[in-house]
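Next up, some structures in structure tokens.
Each of the next two complexes has subunit A plus one other chain: subunit B in the first, subunit C in the second.
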Partner chain A sequence: MSAADWRKAMNAGAGRYAWNAGAAGRRVTTHPSPRPSPLRGEGEVAAGAWARWIGRRVGARHVLVLLAVLIYPWVATPFFTYQIGAQSLALGLIALSLTFLAGYGGMVSLAQMTVAGIAGYMYAIFATSGTTEISLRWPWGLAVVLALVIATVCGTLIGWFSVRTEGIYTIMITLAIGVAFYYLAQQNYSLFNGFQGFQSVMTPAVGSVELRAPMTFYYLALFWSLAGYFFVAYLLRAPFGVALQGIRDNPRRMSALGFNVTAHRVAAYAVAGAIAAVGGILMVWYNGLVSPGSVGTSWLINILIIAVLGGMRHPIGPFVGAIVFVLLQNFAVDLVGRERFNLLIGGVFLVIVLFSTDGLLGWWAQGRRYVQGQFHRGPGAALTQRRGQ
Partner chain B sequence: MKSLKRRLLWVAVGAAMLAAAVAGGATAQAPVVKIGLLATLEGPFAAGGQDGMRGAELAVKERGGMVAGRKIEIIKASSDAKPDVAVNATRKLVEQDKVDIMVGPLSGSEGIAVKNYSKTQPNTTFINGSSGAQATTLVDPSPNFFRFNTEGAQWMVGLGDYAYKTKNYKKMALIAEDYAFPYSQVQGFMTEYCRLGGRVTHKAWVPLGGKDYSSVIAKLPTDVDALLVVLGGADAVNFLTQYEQAGGNKPMVGGSITVDQTVLNFKGKRRESLLGTPSAGPIADRYEGADWKKFVAAYKENFKDGFPSPSLFAYVYYINMKAALDGLDAVKGDLSGGQAKYREALKTLKLKTPTGEVTLDENRQAIGNTFVTEVAKAADGEFYNKVVKLVPGVNQRLGMSKADFDKVGLGSRDVPNCP
Partner chain C sequence: MLGVPVVAFTVWGLADNAKLFLSTAMNGLTLAALYFLVASGFTLVFGLMRNVNLAHGSLYLLGAYVGYVVGEWTGSWLLAVAAGFGSAALFGLVLQVAVFRFMHGEDLRQTLVTIGLSIMMADALLWMFGGEIYQFDPPRAIFGRTTLPIVEIYPTYRLVLLAMSAAIGVLLWWFLNRTRVGMMIRAGVDDRGMLAAAGVNVQFVFAVTFAIGAGLAGFAGVVGGTALSIAPGEDTRYQLASLVVVIVGGMGSVVGAAIGAILIGVAEQFGLAYAPTYSVVFTFVIMALVLAFRPQGILGRRT
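Coming up: the complex of A and B.
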């Protein structure tokens, strides 16, 4: 189905989707597509519409968060910039691909880290690494492009395999694919260098700028995280995203409306694959290595934990989850001693999952509702709650 | 009203924490030397990592927690034997906790990754934990990474000679796990064995943690004198059991972690056939050296919850931590000038270990002793590894010149080869 068809379907059926979504109790936007209508597509009108749209969508908190993440490396130590900041962003980006799939497409895929790992492995194979007999030492730009393309294709193929399943079966089949790739990477020596993987995968330098330096790398990760965030945020309001959410809520109805359910789902996997692939390149640069451990079961599940921890109903969720996850991984050992620190990590996860319907974002929404209730205890308070994000 | 109270409580808690932080900063005036200690407390080597920590703690305890008038502060971190996790933990210790000296990590690929990281931190000295990959110091060594333990290939020196000459095994088949550590072990054995004229006609590389060896056993040739088995504890027991069930009857030569307590307590019908199985390694449980006995006694006394006898990990962490402290003692705790003097002292250190003296080569890799052992039966019927030979001063190039060794290269599936 072409973009034009989507738009037409959107315009014809916008009201019905909203009603449907409301009945299902999920948050689906009822805003029209941000794209100005082609009928009055004059530049001036479009600019005005964009400004109004931005004014409506951007609040003080968005500006505050953006400023905070931009200033952060100037106030933080290199350790906090690199290991906490940049690692959270890269992991958040991979988890974002899962949030997109699971939160908006209703497909929980455990293979997103596998896609990221494939990107990492491909980069190590095409570019330079310590394993000189396998690495091809091609220019890093070319290696990045090839790695992204191959990983996205793999992500799409994984989607193509698993879209015909639902719920727990999707989890099982993607877990199986993830574990299969783990063992392939561990036991194949001609391509993946087995148990050792690839060491000394160097982060490239652009001209005289070392991308490996903490601050540079942080901004690189931040750029791609913002790009991923805005891309997902845009896509969710675009006809494709709305159709995807419709499919999540009622695939049979969408199918009856003439939407190709399978094609939409595979396309969602392709988008998620591309996002995870970017995250995978960032992770291989961050670690300077890629080994079977990077795509092992624990990491497949860690990505799910990050996504659930943050909250699945907004694309900022995985980043919030990643920050908490990375902080716990690094500092739990200082709080409770070396033998029991996993207990604390598990305890925090348990508390968040038990007491919030949607991870940390769920608490944020509850907090907002509470504050709003304090300020104006009117009949409107209950109505505004659904819009909390 | 309630919320105001709660808010006040939070403010009070915050103020208290701030005060504590300031007070903490004020008391930290004494010249403390901070040492980071990394071992695997999660994952497959969790038990070994814990024992490694015991070994390192023992070295600190021996000095009463002080070195050259400075108090020793140990900051611990954990990994799960994955290189990326090890580097993250090390980076936290070095950049966040600002340790002066770093001791760790435990396993091979972690060691290579930490060595690579050490190049970005020229002001911190890194001393190995128990990782034993050959490449750590042979390929692209880092000027501030030191290793006072011998590694996998060195641990097997002397065994090839013993198997060929004393045991008279002229032709052998090999079964080993398919990763770097067994590659090193096999290289250590075969370099000597092939040079003497022995032949290894069949190599079977099996995945780590394998359960089913039936297809591997079926393919083993019958015209060999013995099997070289380089498998870790549980894998070795699985293999032995299945080999026995399949009617195998060849004698065995073991790797450094093959004939350990789990194998010696093997209860199969062929238990008696284990007697006389040679292996080699950097330690031997019942070595009669006085220093070794003292070390074992100290370990037993300090760690009631530890193993009956210090494991390889405890021993290796012990000597590396001891080296770190002896070096500090030699320069009277002087870490100035980017630790230049300290590193010089480490390079020339003649480290007294429970198994003899250790010195470093030009890549800052240990030259030390290796024990060749043989399974024997004690008076109480228990099996143990009896020392039959001590090979002194084994270096990382296995006694070859640099040119000769570089021609062969590091051990791998196909290197060395003498079919």
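Coming up: the complex of A and C.
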């Protein structure tokens, strides 16, 4: 991020901060008189501000995408709803945690799938599964909460451990941690049931509604994906997110400004851990099983592929990447045969990394700039294009 | 502080079952020799170019398969070793000249590209050679058994491997410390910009280093494939082993790679022999301790 971009982000963050801070900031701008007029209450001002904020930030394409994902299961077959739709959302959620860490925190962690896997394992251990001698058969709600908490704590610990390093070292250490967990899960039979893992993990039912039914599960995944998306989008504009982006760009400067760099980084890992944990629970429900294979090297890398494929500069990126990944995975059979899927996905990944600065979103942005350049041909067009790069 | 439990364990191990203890130690050293061969190339490339080549494990597997094909064809194990070194070195050279030269200084992008390459290479090799396990056919002179004190019978080849690794280590030391190109490489590790300013063709030095590092991985592929076997998945295993070894030993230091390899190799074998369920935890604990007290690695320098 260039200095100009950073300043913009800082200003945007500062503005948002003042807006959040509420009455103090607003009184100065909207009510110059010391006594506000009794006709305009605080609530009305807030509602007006909300409407204006929504009008400014929500465009037609946001509404279209939201409608599309809501209507999707009604027009798609159960296969597309469950295998493609729900799986993309769950994988996208895990990749979102990596996008948050890598794109905004500058820390590429390959252990996010491990955190998700820990959540899955913990759920399988506390709730009901086919492995009756280990599973505790506690109520599923309790199991979910415990799994989320434990996985988030593990994610935070991994973060606390790896923030000692920077850049490439972080990739290597998180990869080493992830693979260590894989081997642990594979070799330990008393807790992780070794190579077998946990088969037929029960997906709960709320009342008479089976969560495993394609449409129900799709909406469940959609709910949590949207929650994750909006949470990350909010966090990035909150003071914490802006400080995190500052730390990504220049840790020494942020440290000199009085920010606790390490604490911010570990907190980012905690947030990412929580997001990945939710994704992990969704994945274990989706698959109905969790085994060392779910946290193996290939899946650690796959999450990175998904995040990079989509683009790391916007929280929608991982979901785009996940859709492309899942589509390729399911339909690679027709293109190259199931055997050669890795060659295909590796090739796609390589092409994206070599020819785009920011995944598919990078191409999208380039295309938009190109189209805009066509419309606004003038002295400014070339400049706009150059600045965007 | 750390020495006490290690000494206590050694005394207990020797008293309890000296044969098991010593043969485990020997196995650990053999594994360390293999790890050193792979990791030294990895650390050299990183130290000079700040380029984490995550396709290094794939070079190991490539060298092993090419060596196997050449070995089958000519019937000579020595030619297989040479082919393993040569093919991996050539591939590394092509990588450096065709890919990495154009993304210098972009750490993350290089990492991603090498990840993509390693995925494709692993799949391409699986395609060509299938999932079978291949084994080499080395000369009989180095493949028998040797009688050692206490351990009794030990495969000769592992001793040869140990000796070869030590020889490579010495050769590498000599190359880095006593030759002109080695001097340039060391200067490049210290200050790349200054080396270029002194009129050295940095791209040439990079290419030489990359070829040697990659070649060592291919060499290890044949040599290690002979000691164990070649199969899909070995690439990831050695990639990770070299990662852990250089994290422990310190990035960019060949001596550090040797120390790290010995620590990790020995710990892994002792873990397998004495606590099979948790053997991986030992590796991890070593890494955790090093990171906690010396984040840059045992012989690493702060950048």
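By our rule, the second predicted complex is superposed on the first by the 330 of 389 C-alpha atoms of A that agree within 3 Å, B and C clash if a C-alpha of one lies under 4 Å from a C-alpha of the other, contacts with A are read in each partner's own complex, and residues count from 1 in each chain.
In this text, a contact is a pair of C-beta atoms (placed from the backbone, for glycine too) under 8 Å apart; a residue touches a chain by one contact, two chains touch by 3 or more.
Fair warning: this is a prediction, and the values are worked out from it, not measured in the lab.
J.: Contacts for A:W53 in the overlay, against subunit B (first) and subunit C (second): which applies, first, second, both or neither?
T.: neither
J.: In the superposed arrangement, does A:F231 touch subunit B (first), subunit C (second), both or neither?
T.: neither
J.: On the A-aligned overlay, A:N342 touches which partner chain: subunit B = first, subunit C = second, or both, or neither?
T.: A:N342 contacts both subunit B and subunit C.
J.: Looking at A:W363, would you say it contacts subunit B, subunit C, both, or neither? Reply first, second, both or neither.
T.: It touches nothing on subunit B or subunit C.
J.: Mind working out whether A:W160 is in touch with subunit B, subunit C, both or neither, as first, second, both or neither?
T.: Neither subunit B nor subunit C is touched by A:W160.
J.: After superposition on the shared chain, which partner residues are touched by A:Y189: those of subunit B (first), subunit C (second), both, or neither?
T.: A:Y189: touches subunit B and subunit C.
J.: Output check: A:G288 vs subunit B and subunit C. Expected answer is one of first, second, both, neither. What do you get?
T.: first
J.: Regarding the shared-chain residue A:Y72, is it in contact with subunit B (first), subunit C (second), both, or neither?
T.: neither
J.: Subunit A residues touched by both subunit B and subunit C?
T.: 187, 189, 339, 342
J.: Using the touch definition from the top, list the residues of subunit A that touch subunit C in their complex.
T.: 108, 161, 164-165, 167-169, 171-173, 175-177, 179-180, 183-184, 187-190, 297, 301, 304-305, 308, 339-340, 342-343, 345-347, 349-350, 353-354
J.: For the complex, give me every residue of subunit C touching subunit A.
T.: It is residues 50, 52, 107-109, 111-113, 115-117, 119-120, 122-124, 127, 236, 240, 243-244, 247, 251, 276-281, 283-284, 287-288, 291-292, 295 of subunit C that touch subunit A.
J.: For a test of understanding, state which residues of subunit B touch subunit A in their complex under the given definition.
T.: Counting only subunit B, the residues touching subunit A are 41-42, 53, 76-78, 80-85, 87-88, 91-92, 95-96, 109, 112-113, 116-117, 139-140, 178-180, 207-208, 413.
J.: Using the touch definition up top, name the residues of subunit A that touch subunit B in the complex.
T.: 77-80, 82-83, 87, 130, 186-187, 189, 194-197, 199-200, 287-289, 291, 293-294, 296, 298, 329-330, 333, 338-339, 341-342
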